[in-house]
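The following pair of complexes shares a single chain, chain A, combined with chain B in the former and chain C in the latter.
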Partner chain A sequence: MSDITASMPAASVNGRKRYQKVVPWLLLGAAGLLLPLLDDAYIGVIAQRAFIYWILSAGLNLLVGFAGQIAIGWVPMLTLGAYTTAVLTAGTVTDPWDPYLALLAGGLVGSLFGVIIGLPALRLRTFYFAMTTLGFTTITTQVALAWKSVTGGGVGTPGPVFPWPFDSTWGFYYFCFILAGIATWLTANIAYSRYGRALIALRDAEVAAEASGISKPKLLVLVFLLAGGLGGIAGGLFASLQSYITPDAFTFEMSVLFFIAILIGGRGSIMGPILGTIILTTLPEFAAPLVQWSTFLYAALLLLIVLLIPGGIAELLDFRGRAALPQHREIAPRPELLGAVLGKPDRSQKMSLHGIQLHFGGVKAIDGIDVEIRAGEVHGLIGPNGSGKTTTLNVISGYYRPTAGELRLNGNALPVETTPERAAHRIARTFQTPRLIGDASVLENVMIGGTIDGQASFVESMLSLPRHHQDERALRDAAMKALAAVGLESLADVRADRLQHSELRFMEIARALMLRPAFLLLDEPAAGLSGEEIRRLGALITAISHEGVAVLLVEHHADLIFDICDTVTVLNLGKVLAAGTPAEIRAHKEVVSAYLGA
Partner chain B sequence: MLTSAPEMKPLLTLENVSAGYGRINVLEGISLTVGQGEIVALLGPNGAGKSTLLKAVSGLIARKGRMVFDGEDISTATPGDAVRRGLVHVVEGHRVFTQQSVHDNLLLAGYGLARGEIAARVEEALSFFPEIAAKRADRASTLSGGQQQMLAVAQGLVRRPRLLMLDEPSAGLSPVLVDRVLAAAAQLRAAGTSVLLVEQLIEKALAVADRVYALARGGIALEASAKESGLAERLEEAYFGKGAHAPMA
Partner chain C sequence: MLESIITYGLAIGAVYAMIGITYNVMYSSSRVFSFTAGMLGMLGGVLGALFITKWGMNTVLAFGLVLACGAVIGIVTEIVTVRPVLKSIEQHLYVLSTLAFALMVQQVTAIEWGTEAQPFPKLIPVEAGLLDQKFWLPMLACTAAIIGLEALYRYTLVGRAFLAIAEDSYAARALGLPETKLRLACYAIAGMIGALAGFTGAQMLLAYFGNQAILNFYGFVPVALGGMGSNRGAIIGGLALGLFQQAASIMFGGIYAAVAVFIVFILILLLRPEGLAGVTVARRV
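Our next item is the complex of A and B:
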């Protein structure tokens, strides 16, 4: 433990980092607080609009910037929140509500419809989901136009007036300011929790996220609830700011504005999209004579940003990511630290495949495989290219449902399960091509692996309650230990896409170790490694198995296989060609001719 | 006029080439040559800059210094120029067009060649890898990782390049297939093609290569004939610096 803390950056550096992070927030906060001193009502209105837009965008940012969902049409949340608040306050349908309660109701309606509009995203990908949000935008406007008895149709309906203490112009300003602050705080808490990291993992490395036990539907529904709710609240405020709302106040251009503000802000950032929202809200005011050109301006700005700074404003602000790395680095794993990472795996664990088959149409990718892997052993899985090795791993970790056969854990047949459910059995894995979150740090990438061990609920994390902080500390500690064990702790703070290929292989192992696996599936971990690196990898894998983990190793480096495996299974054309000790396999005639070569 | 040159005619010459990513320099002052019909192995630890060097030669990244290919200056050539001159680069990590069929992948590799010619070349490339020839109508995404790597190498063959640069062709291939890919390289050499080979399987690379360069810490640390005795020890020294012993976990 002591040597791990010793390798952390010195305290003074840490302090300066924190200082650099806090300063922009203090500046923004101070600007917001002091703006009323100008006593310019016009500027006040523009600022209020920016606050309101940001309340919506704060939630949308989690969806677009973090989860990577192309929710272009998010303006319906604003529409729904605005009408709900306005109609309830006006007493068109019921007795007039208290405006503050009506605002809350607007938020709830937003949440509800956020989930409804979000449901397609759980199945549809990228552009198809974008289309459904656009469709929903049109539907909402049409309903608002047609449902005259409630919405007033094209004539519209008056917006709510919030009573004391937020009734004066500057009172309402501070109301919006405070809510914008709360929205920022809530979404930032999520963004920098295991939930936020999981969203980014789903965006950039969905397969690896699932293997770490992250369930996309469960997580996305929570985020849709939050983003919809914030949109609804923003709508209620918007109705009050406009003082009178009609359906044509909620234009498609507005939707595009929210979306573009996040894009030019930069994905995976909070400060960037805030600045993006401020810029896009104020820009048309500075260019008042050009108001017909505003759509054109957005388009031009977007093009410029995409061309000049693809990472958005956030990339401009990212100084850490540009610092030079030491050039000639070595990976020096410390297997003696594995015990602290893995805990005490149950040494009686055993997994067996019985007659597993997997057919794609007429193609038999796997055609009846029996394999047994036991705690404390390294089991090699070799065979010619296309013989079904990776497919076997994919069946075990739940990506494919076998056509026939059984997977048994300690003698009990496992039901058909999703990949995240398989991870809960402590089945961890790495991938043939490393799956990484490029713009997250190495440490954050590794922390993904421990997501399922977090205790705090979504709401606890959102409100920054004590269990959230315990989770963060525990995950960070465990990830540092895992990185130290594989020999990468000096790179913990580096963006993962700056690592060399061989380092990524070890990073994936560290991420898999975070699951405290009973079973570890490694898919060609030595591919692309130098001879010396392969020797170290071999020692690391052996040490992992000695801790009581069952390792299933797919590899092509025959030397490594024969050095470290206790048993070897050879596949050919989806069937077991041979199984036995390394010595038996090495002498097996058919294996030599089909696979090893002379 | 016939001259009996004592040495092999150089096909590719690099003089004092530097390259990197953005402001971060990876390579510094690289000079090397690849002769006509010669296999040159480029070895070195991960991170030494081998892939970066190949990218600099094929024009995928910005570089400084002088590069001559077949008597013409290609210091500022684009990747397209390089390919048209017969300099083909098979990048690492089996990057094929996963949404296209195997056959379309190979047609794309011959982009710009005459139509009748492409068909013949595609067949020729596939003849090296019967495993993927059998799957020519399948989408590349349905191939296993190793089969995708075969496809990537086959793509490199379609143009019958004058210089073929292979970046870790063995990654993800079974031992027999590694032998087959390297045998293909030897066959190309016999037909007069030059090969610049980046490889981690040192012994196999040395077995097929004529000459070897070792890259370490962004510079050339060693140049030797692949048949020299004691080369393995010298390589180790070049990798880790003299007398240095890598700590073994």
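Our next item is the complex of A and C:
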């Protein structure tokens, strides 16, 4: 334990970093608090608008910047929130509601529609979701125009007035400011929790995120609820600010403004998009001749950003990420630390494949495979390219649904499950090409692996309740231990895309260990490693299996396979060519002629 | 009532179908869904009205010029917004680049042409007989577009090259096909079809900058219905959408028509994302 803590960054460095992070927020807060001293009502109105947009983009930032969803049309949430709040307060369809209750209702309507238009994003590729938000923007405006009895059509409807103490200009100003602060706090809590990391993982390494037990639909629904709700609340405030709302107040071009604000601010940043929103909202006010051209300029800006700096300004300013790393680094795994990472795996576990087949149309990728993997053993899976090794791993991890056959866990057949559900059986894996989140630190990448062991719910994390902090501490500790065990703890704070290929292989193993696996599937972990690194990898894998983990190892390095495996299965053309101890396989005539060579 | 559902529905459906084909032609050459499809449709109407009504140009000349403008805009789209982001297509940056370009054009239109919908002139000086030209023109244009495309694909070498890069651009390049030039040509063709849709549909839709957003969405629905890349699917999907929308609009009112179309769109995306007639492709891990 002691040597692990010694290798963590010193507390004073941590303190200084935190200090650097807090100062900009304090400045922003002070500016917001003191702005009324200027006593300029015009500036007050501009600032109110900026705060309202800020509330919307705080939620949208999670969706766009963190989850990577191209929600280009998020303004309908603002529209819906505005009309809901205004119509309920005005009493057009019901008895007049209390404005605060109506505002809350606006938020709920925003949440509801946020989920509805988000539904396609749960399953489909990015473009469809972009198109859905675009279509929804068009539809919302059409309905607002046509539904005259409720919305007043093109004539519009009066906006709500919030009673004392928020009725005066500066009262309403502080109301918006407080809500903007709360929105930021809530979204920042999510962003820096395991939920935020999971969102980024889904964005940059979806396959690995699923293997770590992260379910995209479940997580995205929560984010759609939050982002839609904040959009709805912003809409209610917007209606009050406008004092009279008509459909043409909610243009598609406004969506572009939010989107650019987030892009400029940089994905994965909280402060950046907020500053972007404030700047883009206020800028046209001070450049009056340009107002007519503002949408054109926003669009031109969007094009320039996409073509020139897709990472946003935050990435340009990421000096820490470019600091030099020591040359000639060595990975020195410390297998003796594995016990602390893995806990006590159940040594009676076993998994077996019975007649598994997987056909893609006429192609028989796997054609009836039987394999048994037992706790405490390393099982090698070898064979020529295209023999079905990786496909077998993909069936076990639930990416593919076998055409026929059964996967049994301790004798019980597993039902058809998604990959995240398979992870819950403590089936962990690595990938032939390392799947990483390039702009997150190595530590954060590894923490992803332990996502399913977190206890705090989304709401607890959002409100920064004690269980959330326990989770964060536990995940961080476990990830440092896992990194120490594979020998990468000195690189914990480095951006993952700066690691060498061999280091990424070990990082993936550390991430897989975070699941405290009963079964560990390794897909060519030795590819691209030097001879010495392969030897260390072999020792590490052996030690992992000695802790009681069942390891299934796909490899091409025959020496490694024969050194460390207890059993070996040879595949050829989707079928088992031979199975047995390494000695038996080495002597097997067909294997030698088909694969190993004389 | 039935008659107006069928005539108007098929006519507007033909416009949607042509925008759908515009999406498809660009998609099959580059795997990019470009938000410029609706913009091309909008411009077809606005430029037509500008050339004929404002500048007093001959109809045939104006028609040719509109198609030429569509082709040029298609080419500009490819060079400015598609080619630079093709390398990292998995990041979907094309969504933003094509949208940004489309918005810039839309905004220039709004400022220079105005934000009011303006009438589009009658193209052919005949009295309305059995069917007004504003209905049969888009249907005729749509038929001509699909026949032209099919003939191109089937009977010309260039057309087969288009099919080859649509099928497997990597292999096509390995065979020595000039992929970039072919892509450019596809974008030019898509530009012409989009402009054709706008030009022939403008007597119904008017010359209006706001048509861009409407056509972007309603033109994509046929693609989702028919399966991406399938032109026949887009035609069937477009006509079905036009009839459905018009029937719902007459029977229940415009709000319900818009909402119903949106619900159908979401349901299709959720239940049959590969389109009603498409096939699922195995996911690569």
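As a convention for this text, the second predicted complex is superposed on the first by the 586 of 598 C-alpha atoms of A that agree within 3 Å, B and C clash if a C-alpha of one lies under 4 Å from a C-alpha of the other, contacts with A are read in each partner's own complex, and residues count from 1 in each chain.
The definition used in the following text is that contacts are C-beta pairs under 8 Å (C-beta built on N, C-alpha and C of every residue); 3 or more make two chains touch, one makes a residue touch a chain.
This is a predicted model, so every value here is computed, not measured.
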Contacts of A:Arg329 with chain B and chain C, given as first, second, both or neither: first
Partner chain(s) touched by A:Trp147 [first = chain B, second = chain C, both, neither]: second
Chain B versus chain C as contact partner of A:Pro582, first or second or both or neither: neither
Touching partner for A:Leu540 - first (chain B), second (chain C), both, neither: first
Partner chain in contact with A:Leu596 - chain B first, chain C second, else both or neither: first
Which of chain B and chain C A:Asn385 touches, first, second, both or neither: first
Contacts of A:Ile116 with chain B and chain C, given as first, second, both or neither: second
Contact residues of chain A, present in both the chain B and the chain C interface: 360
Touching residues on chain A, where the partner in the complex is chain B: 322, 324-325, 327-330, 332-335, 360, 382-387, 389-391, 432-433, 487, 500-503, 524, 527-533, 535-536, 539-540, 556, 558, 594-597
Parts of chain C lying in touch with chain A, wherever the complex brings them together: 33, 35, 80-81, 84-85, 88, 91-93, 95-97, 99-101, 103-104, 107-108, 111, 213-214, 216-217, 220-221, 224, 253-255, 258-259, 261-262, 265-266, 269-270, 273, 282-283, 285
Residue numbers on chain A that touch chain C, as the complex places them: 70, 72, 116-117, 119-120, 123-128, 130-132, 134-139, 142-143, 146-147, 207, 252-253, 256, 259, 263, 292-293, 295-296, 298-300, 302-303, 306-307, 310, 360, 394, 399-400
List of chain B residues in touch with chain A within their complex: 22-24, 26, 45-48, 92-93, 131, 142-147, 149-150, 168, 171-179, 200, 202, 216-218, 239, 246-249
